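The two complexes that follow have chain A in common; it is paired with chain B in the first and with chain C in the second.
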Partner chain A sequence: MAKGRHVNLSGAVMAVEGADAMVFSSDARWEMVDAITRETVTYGTYKYTLGDVLGDLTVKPLTGIPVAFAALYAFWSVFTSFAGALVTDGFMVKFFDGFWLPWMQSVWPDPASWHYFLFVGNPAADTCFEAFGMLTSGLFVSIGVVLPAVFVFYLMMTLLEDSGYLPRLAVLMDSVLHRIGLHGYAIVPIILGLGCNVPAVTATRILETKKQRFIMMTLLALFIPCGAQLGIMMSVLPDLVGIVMLCLIVGFCIFGFILNKVIPGENPEILVDVPPYHWPVKEYVAKKLWNRTMGFLKEAVPFVLFGILVVNLLYLGGVIQGLANLLEPVFVTWFGVPKETVGPLIAAFLRKDLAIAQLSTIPMTTYQMVASVVLVTIYFPCVATFVVMLREGWKELIAAIAVLFVVVFIYGGIIHGIGILLGVA
Partner chain B sequence: MEHNESKEYDEQKITLIGIYVALLGLVTLAFGIVDILVWAGVRPGIEVGILAIAGDDFFRWAWGGFIMICAGLFMLAGSTRVATLQQSAKVILGGVLVWLIAGTDIFARLCATIPADEASPAFFNSFSGFIAAFAPPYTPAVLLFPFTLGILYLIRIHDTDDS
Partner chain C sequence: MTEGKAEKNIDLPEGGTIVLMLGNPNVGKSALFNRMTGANAVVSNYPGTTVDFMSGTFIESGHIYTIIDVPGTYSLEPRDAAEEVAVRMLRDHPDATVMVVLDATKTDRGLYVALEVMERGMPCIVAVNMMDAAHEKKITVDIAALQRLLGVPVVSTTATSGEGVRNLAEMLRKAQVADIGAIAERLHGEGQARESVRGCDGCGGC
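The block that comes next holds the complex of A and B.
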């Protein structure tokens, strides 16, 4: 085992007798190598440590898979407890619905005016989800729901990354992900995508071939809900998150498998450098957490506010109503959801979390709610992801969108078919 | 001489700590199975003394129960020749899984008790309300948590070996 440490090279140079200051003979160079080696390398038998054995156990499938299940359990449990029970339900709902919304409704002039509709929303609303104004729902969604969800997601993600568990998860997932044309490191964009699809699309560069990047980008846009979406889902339909996630995981596997068969190209093997387990350094964790959360907020908050503004303008102009009437046959007959879901689907292009918040105010059956939330997730990527995908290549973007429309149509129909067979649709 | 004794102890198939780990593994395994059975509706929910298994949520009781089963199996698998590095690692891994479940249970309770009730106009829970929320009953993982701390002994002996 070699152990590196700082060494004073001038000592080694001085040890080479008679060596020219500028030109060294071959012997002198080797003597210098020996001198440096004596100072820096320790020979002996490497002793296996407890950390090494634990590291091995977490990559062997028999022991590693239960550990991966436990890690994901802890991840999700901390996420829901902190973002859901503590911050959003515990404080933010109370503040926004009990103080902020009534105050805005009382101070903003003329509830019948267009500006009231744009900024405060529905004057009869009791909650910020129902109001749908820029300064009511917009602020509530971005600060009250999305911020805590994204914060705790990135904290957990950074801890997994900096402790050395993430590369082990990559090794463990390698054989599974190869079945859909990817390799173990695809777990990085997948987990990042659960926070935000924007850095996740950038992280697809970790994959070697064009085929792998295309498959990953398409699957990210289709089946990976972002942290903001998850936060909203937990808030408005906590009992249905499991079913929605199941639909998405099944879709991810099926369409990943199909894309792997259909798209030409290679799926090369990779060598993963697995570092030893170590305690994360709190300064690095804090810095990563700060950068990621701030980066997300800079992108998310303007899009949420702007998204509400655009959707409200489209409502005022009668565009949403027109589209709802036009697309009614597809939505009602093929997907089995009410035509009112057209509005949230348009909002979904701007922000998907916003769209789910909007869906929660439409009266629907359980099946319709699950189907429409799945549709919002697999429908067009949000505009921020769209821009980043465009940066990765316009041809890939167009191909991904074409795949996306086909998948939405087919998968939406399949879910409706299953709903009919089960007697719930 | 001392080194030989220590090696002999390492290679003994059954030791006192091994028996302790095996019992702990059995109890953990049993709790995991009961978690899943209660969730599956075999019984509506169990509350015995300071132990409670609500079984009302797939994520906590089915998924969490599966992790408890794995934790119990890891401990059982590592209970013979427990002082050897490989076997100790299995036991420690089992202990870590129980700590994860217990830790998340305690964290969930903490997060739910800091804010006041929905109906209350106050934002924060009262101190007495906060403390009362930590009173029994507890989940199986939380009850097992203090008993799994014995596993720290295994970490200590191997840490000493490493240094």
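The block that comes next holds the complex of A and C.
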């Protein structure tokens, strides 16, 4: 052990501190690093590869922005065509509505009983969405609709992550995200959040300041729908997904801008290490996809079933009807949506996908549907997100929820106002 | 949704050694960790994939090692919450062996944090990872010279293919405290030696 020994390395001064440890200045350390690499690392002539060419094309704004749009469009179209059209509509809907539901309705005894209501739901229902029993809607929503959606979503996301495209997207998005108090690297929690908000909340740790983390977490909880929710929206309201997403993106930008002005703190420049492109390693992609899909099956499916149980019990107990009457003035006059949407809002606390499925069965105008889906998305994080936000800090969570109530109230009102102006509300 | 099985409580088996993995972001710590422990840490190609720690165990020659994979960090002065996790783990486990993971294509940057760890007087071993990428870029790292200079075991690895991982596991028991003063002296000495060679006129004296 070097005890209090002074060593001079090409003129660098090293401070000696404590009894048995030498502490260097950062300059002295870098000088040592230089000396070590001079002795041990040699650089040959480097050939410009296809990966480097692609790397340049995807970072320079002129070519990068079209590439980013193309990548996201490809992502979206694979997502909708595979999960929505092929698996859900082509197979799952036929199976669940054609066989599973009629079979459950015929074998479960006593359609008037409470257990029929809880497990099978509405005896007159023709589709699994309308039935709203644990074993009918619960299994259909989680396995029939959301599972294929999250599966293909995670596959695409894994490819984006493993190829090395995300840091490049971060560079491109930097100037836009700076306007809302964040920097380009915030794209990582945003993209992760489109899969599931839970890992996204933890991923905000890569942001440097408290201000950035708070803005990001709040915006995640408010405006970023998760993969499960996107999947169900595509299935039940394919024509409205675009307008709902527009409302969310606009809200994201407006409230990000306001939060940036209101919250004190720094938003330092981005310093990101852009790694070279890699072909995603097959076994890693497979492993990650498997883990994430299994994670969904293990955690989300029980939650969907449990959510239906809770909502049905609350209906049986008359709680939801009571709440609906109580909140009717706010819902009808301020947000312009029917009071029946109170039920889905309760379900949304457990699972957002479930809430959307439930909304789709309420007879509503197009405007009301869009407004209520946007409200369900922004009004409160689901319980899993709530828990992980709590883990990141309870003060921030309370502040985020306060912001959330204000935003829901204001933004819900704005959407209603626009609806009135357009003559659709 | 949680990914993999993150063990939040690190319980050390009797007579085991804690090994902390440390290094810059995106050098392949989680990939090495998965290779060594068979765990399911998430591996991606962007800095900042790991934002929390995860631990796993493996047995090598009858000795139990508990490896902790921590978020990557550029230095021991944390600049974000993920780096704070890494520095906190280092502080909480003062008796641990530190496995410093370097990216062979960016050795200099990783060596900075390696030196910081060595200054703390913790036993170290260095893994020079991503040897395949370095090979593609025509970068060669003289592993033997690095080991001689640093005075701690240095192992070359390619975590994606598993190359060198076995060797790394075996060398763990040889991890030792680096003498930072001696490193500086060796560097100084070699620098001088080289200068004298450069200035040699071929007198035949050597």
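Basically, the second predicted complex is superposed on the first by the 376 of 425 C-alpha atoms of A that agree within 3 Å, B and C clash if a C-alpha of one lies under 4 Å from a C-alpha of the other, contacts with A are read in each partner's own complex, and residues count from 1 in each chain.
The working rule: a residue touches a chain if its C-beta (ideal position, glycine included) is under 8 Å from a C-beta of that chain, and two chains touch if they have at least 3 such contacts.
The structure presented is a predicted model; accordingly, all values stated were derived computationally and were not measured.
Here chain B and chain C are compared by how many residues of chain A each touches, and C touches more.
Of the two partner chains, chain B is the only one that A:Y48 touches; chain C does not reach it.
When both complexes are overlaid on chain A, the residue A:A85 reaches chain B alone and has no touch with chain C. In the superposed model, A:F24 makes contact with chain C only, not with chain B.
By the touch criterion defined above, A:A74 reaches chain B but does not reach chain C.
By the touch criterion defined above, A:K94 lies against chain B but remains apart from chain C after alignment on the C-alpha atoms of chain A.
Legend: residue contacts after superposition of the two complexes on their common chain; A:L246 is shown touching neither chain B nor chain C. Judged by the touch definition given at the top, the superposed model places A:T202 against chain C, while chain B stays out of reach. Where the contact sets of chain A with chain B and with chain C meet, they give residues 47, 49. Looking at the complex, you find that chain C touches chain A at residues 1-4, 24-26, 31, 40, 42-49, 51-52, 71, 75, 79-82, 85, 107-108, 111-112, 115-116, 119-121, 133, 136-142, 145-146, 149-150, 160, 177, 179-185, 187-188, 190-191. Residue ranges on chain A touching chain B, taken from their complex, read 47-50, 53-54, 57-58, 63, 66-67, 69-71, 73-74, 76-78, 80-82, 85-86, 89-91, 94-95, 98, 242.
Against chain C, in their complex, chain A makes its touches with residues 1-2, 5, 7-10, 14, 20-24, 26, 29-30, 32-37, 39-47, 49, 158, 161-164, 166-167, 185, 188, 196, 198-199, 202-208, 213, 272-273, 275-278, 280-281, 284, 287-288, 291-292, 295-296, 299-300, 384. Looking at the complex, you find that chain B touches chain A at residues 58-60, 63-64, 66-67, 70, 74, 85-86, 88-90, 92-93, 96-97, 100-101, 103-104, 107-108, 110-112, 114-115, 118, 121, 123, 155, 158-159, 162.
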